[in-house]
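Worksheet: one structure, shown below.
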Amino acid sequence: MRPSGRAPDEMRLITMEPGFTVHAEGSCLVSFGDTRVLCTASVEERIPPFLRGKGEGWVTAEYGMLPRATHTRGSREAAKGKQSGRTQEIQRLIGRSLRSVVDMKLLGERQITLDCDVIQADGGTRTASISGAWVALRIAVDKLIAAGTLTTDPIKAKVAAVSCGIYEGTPVLDLDYIEDSNAHADANFVLLSDGNIAEAQATAEGATYDEEALLRLLRLARIGCTNIFAAQDKATGR
Amino acid sequence: MRPSGRAPDEMRLITMEPGFTVHAEGSCLVSFGDTRVLCTASVEERIPPFLRGKGEGWVTAEYGMLPRATHTRGSREAAKGKQSGRTQEIQRLIGRSLRSVVDMKLLGERQITLDCDVIQADGGTRTASISGAWVALRIAVDKLIAAGTLTTDPIKAKVAAVSCGIYEGTPVLDLDYIEDSNAHADANFVLLSDGNIAEAQATAEGATYDEEALLRLLRLARIGCTNIFAAQDKATGR
Amino acid sequence: MRPSGRAPDEMRLITMEPGFTVHAEGSCLVSFGDTRVLCTASVEERIPPFLRGKGEGWVTAEYGMLPRATHTRGSREAAKGKQSGRTQEIQRLIGRSLRSVVDMKLLGERQITLDCDVIQADGGTRTASISGAWVALRIAVDKLIAAGTLTTDPIKAKVAAVSCGIYEGTPVLDLDYIEDSNAHADANFVLLSDGNIAEAQATAEGATYDEEALLRLLRLARIGCTNIFAAQDKATGR
Amino acid sequence: MRPSGRAPDEMRLITMEPGFTVHAEGSCLVSFGDTRVLCTASVEERIPPFLRGKGEGWVTAEYGMLPRATHTRGSREAAKGKQSGRTQEIQRLIGRSLRSVVDMKLLGERQITLDCDVIQADGGTRTASISGAWVALRIAVDKLIAAGTLTTDPIKAKVAAVSCGIYEGTPVLDLDYIEDSNAHADANFVLLSDGNIAEAQATAEGATYDEEALLRLLRLARIGCTNIFAAQDKATGR
Amino acid sequence: MRPSGRAPDEMRLITMEPGFTVHAEGSCLVSFGDTRVLCTASVEERIPPFLRGKGEGWVTAEYGMLPRATHTRGSREAAKGKQSGRTQEIQRLIGRSLRSVVDMKLLGERQITLDCDVIQADGGTRTASISGAWVALRIAVDKLIAAGTLTTDPIKAKVAAVSCGIYEGTPVLDLDYIEDSNAHADANFVLLSDGNIAEAQATAEGATYDEEALLRLLRLARIGCTNIFAAQDKATGR
Amino acid sequence: MRPSGRAPDEMRLITMEPGFTVHAEGSCLVSFGDTRVLCTASVEERIPPFLRGKGEGWVTAEYGMLPRATHTRGSREAAKGKQSGRTQEIQRLIGRSLRSVVDMKLLGERQITLDCDVIQADGGTRTASISGAWVALRIAVDKLIAAGTLTTDPIKAKVAAVSCGIYEGTPVLDLDYIEDSNAHADANFVLLSDGNIAEAQATAEGATYDEEALLRLLRLARIGCTNIFAAQDKATGR
């Protein structure tokens, strides 16, 4: 039995509120249950130095967590003067995930930065970030298309992410904080709407796992991402 | 004529949504028009080293701005590895302002940290932060009283803050971003519900000002804070 | 009775020693009693990036305190690897204050940096810094004029600053360290020789204050700045 | 055809030189072809604060790369003043991997730090690090057992890691730098000698991949790790 | 011919003004010609962690240079967030030099920090710092003796330092900035009043030097330090 | 009697393994007994800003120590976020020493960076670094000559360095860690194969020394460097 009473393959309630803030070219407040992340997409007509003169664009991400997003207050990274290894690992993952669905030639020489800031945390902040960031990106790119800046859509597919894990011996979908703290294995899958995988990460915590478990977790992730794709369609009016 | 069409002594719409997040002992999402700040109060049963053994508590504040809270994206302070002078100046002001209404002996040996994170910026983020932080603090202290941890209320008064300035020659209340960028003087007043002043700061921008102007700005601030005190009462059910 | 035996509206002895160092284009060792600050003005034929191509100059300031300027040794900011919030707040104030009397178009595309380093501290280091920095600036600009680099004087007025506060219930002028540590309110006024105000900051410490007190403090500041303007005239031979 | 002429399931030459340095309790210079990593295990009779009083030990890792380990010189992280996100991600992975085979209760209240420093890089530095760090750890723990400090072996299994990827459409084992730079997918598997998985990470680069590809990469990794386990046995005299 | 017209073995004018600041237990403003350094000695009743429980004291030093001590303005180390290698090298030298004349057992469990801050620079700032720091130290220790805190004098000798170099082929004493910038070799000697050497550093710049030159520089340094010892005696009233 | 049984003027075994790594333009693993340092020379076709347009090259050095190069593990400088004063002092010395034998005009507008990373430490790491760095530099420059990039050899001489000290009253050559920890004076000499001195540094530790001792240490250094020059010749095939 899961602490939340959910079935093993049951997601938490997913909500996506597009346009949550007014200044960003795209924005979305995404909730996976009590986990809430504000995702914004900022379009800038400049590219990082390593891309100069290649006629390509770039998509990158930054991740942060408000100090009291968590059960007990954590220290503010800006005050400590450095981002933790965990923060850097997550923002690199978000960036890679979103880049996997964008054709950089079609995007042209501009950069889109996805800021994912966790307002409230209850497990799965990185997967909610990826899923919500896609909505912010989709809205920002739609504006570029509407403005005639882009004529061909550079977004090749939807991308969503969800966590799975082995909790008390049972593979379960979309871990909340209590489950996450006690899971024997913790996996994050980043899946595309065309069925392909952008990233799979499965980490043993305490106990290692076997190949069969890995596959079962992947199957759960497919169920979860199907739900998220639907929420993304709804949020972007498709 | 103000760009927003407001009268010189007219505040923007103030909203205060208590309990916006679930983990913090107190929280409030405060809006002054398009400026929105999430304020949380975190109670910790420890005090900073300089207070050890004095039987007193402490109230402090931290301030941050999401990178795309603004019209164009700013860099993330955690990524840059340091907080700007502006950020530090603001969080010191918030801390001082809230401490001005708390009896530290009555609070006892515990610390309350007020985190003010700007979700969206349109001028007046520091004054909205102070005003909303009081609500978060009030809620947190009420919980300590309800739990019997505190028997006497350590909060002596309400505290609110508002900006004023001289815009195209006219003293106006509660500047939004457009007015703030073009004002000849920019003042912030932190006022108490008992009529006293906790802090007054008036800075010339481009043109200096005279004593009469200072007093006129203070009078506008009194009007603004009366509105904010009412919103604080409503948000805390008083 | 003040610890120093001064009358409530009595300044400490002000001395200003122009040309204290030889390399800087302008320099002044200013003393407000035991508070001593070395102010230098450095002229550079370059401007910060945000001003490029505008045909304007810039005036900025940096502030520091020698580790043993104070009663007990403080840590060295260079060794700690960051400037404190207090330091940043003060140097921003000094920069704003000096900019309020300079016509940036007339200054032309050059930058003047005012370094204010506290040799010895006994209260009022930021106000002594502003007052002494004006002398350093005046000397440096006079050299530019004498050299024919500038034909019209870009300095519009003198600027001076002084602290005031409420000490044991009485508003007093130019607080020394003992008074400052025990004052109920602590104000800093930056005034111009044309009678206008560049900056007013009044902070409650422990007890808040009312509008009448604010005005009385301002009146004391006017008395103090009159003395400082005279010392500035003497130091610059006007 | 692979640039090195290797078969798709062929590892590079693996060498492990135990005791490469004299001070560390355990050390190993591991080579996967031209990739060479010096791994040391340092035993300290102290534990991190979060474990105090739990009667458990800790295993952690740090990773670094000499500036000219690579084809062109990279900047020195100590000189830049921060570790890159990549470095932090890798050292977190190494630490987790080694912890997956250690019984912390049996290790007792001591910490073992595994330093993995890349002397020369040609792809696969993180997997060589994990594989070599196990040898350093094994040697250090054997000394603790020989000295009577430990009576029961806290190491539960061998752990090894290898990279795989899809290069020009073909899944291949143990990518060198040229392959790594051009692979469509890049996976790292951390496997235990008991057949279980400690960590699986598979990242799409440019093109995403499907479930079948993930499984084929895992099968290649099993072949590679069998070779590494043999090299570990030889290096530790088992 | 030296630019200053001095003879090869002629020092610049040395002045030492004891008690330049009031808060420090010892202070001295030392001048070697236009080089001026403020040296303070701060006594603290605590010792660094590595000395705990040994019954010994410690003497350490910190060095800094005001941004406009030099001909052109340098950046402020506190603002840059790190001390340069040059600064660290110099402050380590000052600390070692002063420790060479103090009996740490006799000093007892307390630390004396010597802050050397360059007000104006014209070559030889490190040697002026060492020479002036001794005066500050002497004054501070005399106060400890006068107060009865120390009964036996822990200072074993005077220590002084001076630079020498080979300028246009001639060994010269006490280089000023112009000579220092053009010298073929640059040496710093730290000598004790008992005739012994605490530190010798001789660096080739452009051209290397031979053993005979090293000895000639040392002989010049002995002449210079004799002068400095006299100035130290005068400043400390011996 | 020395702990190692060596005669006072006896060096440890010196080995120099050229070409230890494959990517760097020059490399050498140098051993002075148990002290082992990996030195690499990286040639880059760019120069530091202060040399632009002068038609000269530059030689610089960086130094590091692996965390467990030492008897007990030290913290990693990259993780601490700053290089120690000791590290900076050493890398500045290495750079100066190598520059003393290079004609920068002949080198042309390119920079050679010498990275010296201590794999294992047993005293004398800075002197081994200088001696080994020369071999790496020689190899890199030989490649530039072989490639026709340089037509005239910019290296004017060999440079070597060795430590000496006074151990239990006797001047000894090439101190190992035990001697170094207990020496009364610790000197490092950087000598050229033409007989000249590039740098001499002699520091008293605990007891000061006299002029005669300084000269005796220098004579020992000449013996040591003669050995090192021979090893350098052998390593570079001359």
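As written, the chain order gives the labels A, B, C, D, E and F, with residue 1 at the start of each chain.
Going forward, a contact is a pair of C-beta atoms (placed from the backbone, for glycine too) under 8 Å apart; a residue touches a chain by one contact, two chains touch by 3 or more.
Keep in mind that what you see is a predicted model, and the values were worked out from it rather than measured.
Colleague: Give me the fewest steps it takes to get from chain C to chain D if each step has to go to a chain it touches.
Modeller: 3
Colleague: Of all the other chains, whose mean CA position lies farthest from chain A?
Modeller: Of all the other chains, the one whose centre lies farthest from chain A is E.
Colleague: Interface overlap for chain A and chain B, more than half of numbers shared or less than half: same or different?
Modeller: Over half shared, hence same.
Colleague: So which chain is the furthest away from chain D, centre to centre on CA atoms?
Modeller: Greatest centre separation from chain D goes to chain C.
Colleague: Rounded to a multiple of 5, how large is the rotation, in degrees, that superposes the C-alpha trace of chain A on chain F?
Modeller: The C-alpha superposition of chain A onto chain F needs 120 degrees.
Colleague: Take the average of all CA coordinates in chain B, do the same for chain C, and state the distance between these two points in whole angstrom.
Modeller: Comparing mean C-alpha positions, chain C is 28 Å from chain B.
Colleague: Roughly how far is chain D from chain F, going centre to centre by Cα mean, in whole Å?
Modeller: Those two chain centres are 33 Å apart.
Colleague: Between chain B and chain D, what is the separation of their C-alpha centroids in Å?
Modeller: About 50 Å, centre to centre.
Colleague: Please output the residue numbers of chain D that touch at least 2 other chains, ranges allowed.
Modeller: Counting only residues that touch two or more other chains, chain D contributes 81-83.
Colleague: What is the sequence of chains around the ring when one begins at chain D and proceeds first to chain F?
Modeller: D, F, E, C, B, A
Colleague: Can you name the residues of chain C that touch chain E in the complex?
Modeller: Residues 21-24, 27, 34, 38, 40, 42, 44, 62, 64, 66-73, 76-79, 81-83, 87, 113, 115, 117, 119-121 of chain C touch chain E in their complex.
Colleague: Quick check: in the complex, which residue numbers of chain B touch chain C?
Modeller: Residue list for chain B touching chain C: 82-86, 88-89, 91-92, 96, 100, 192, 194-204, 208-211, 214-215, 218.
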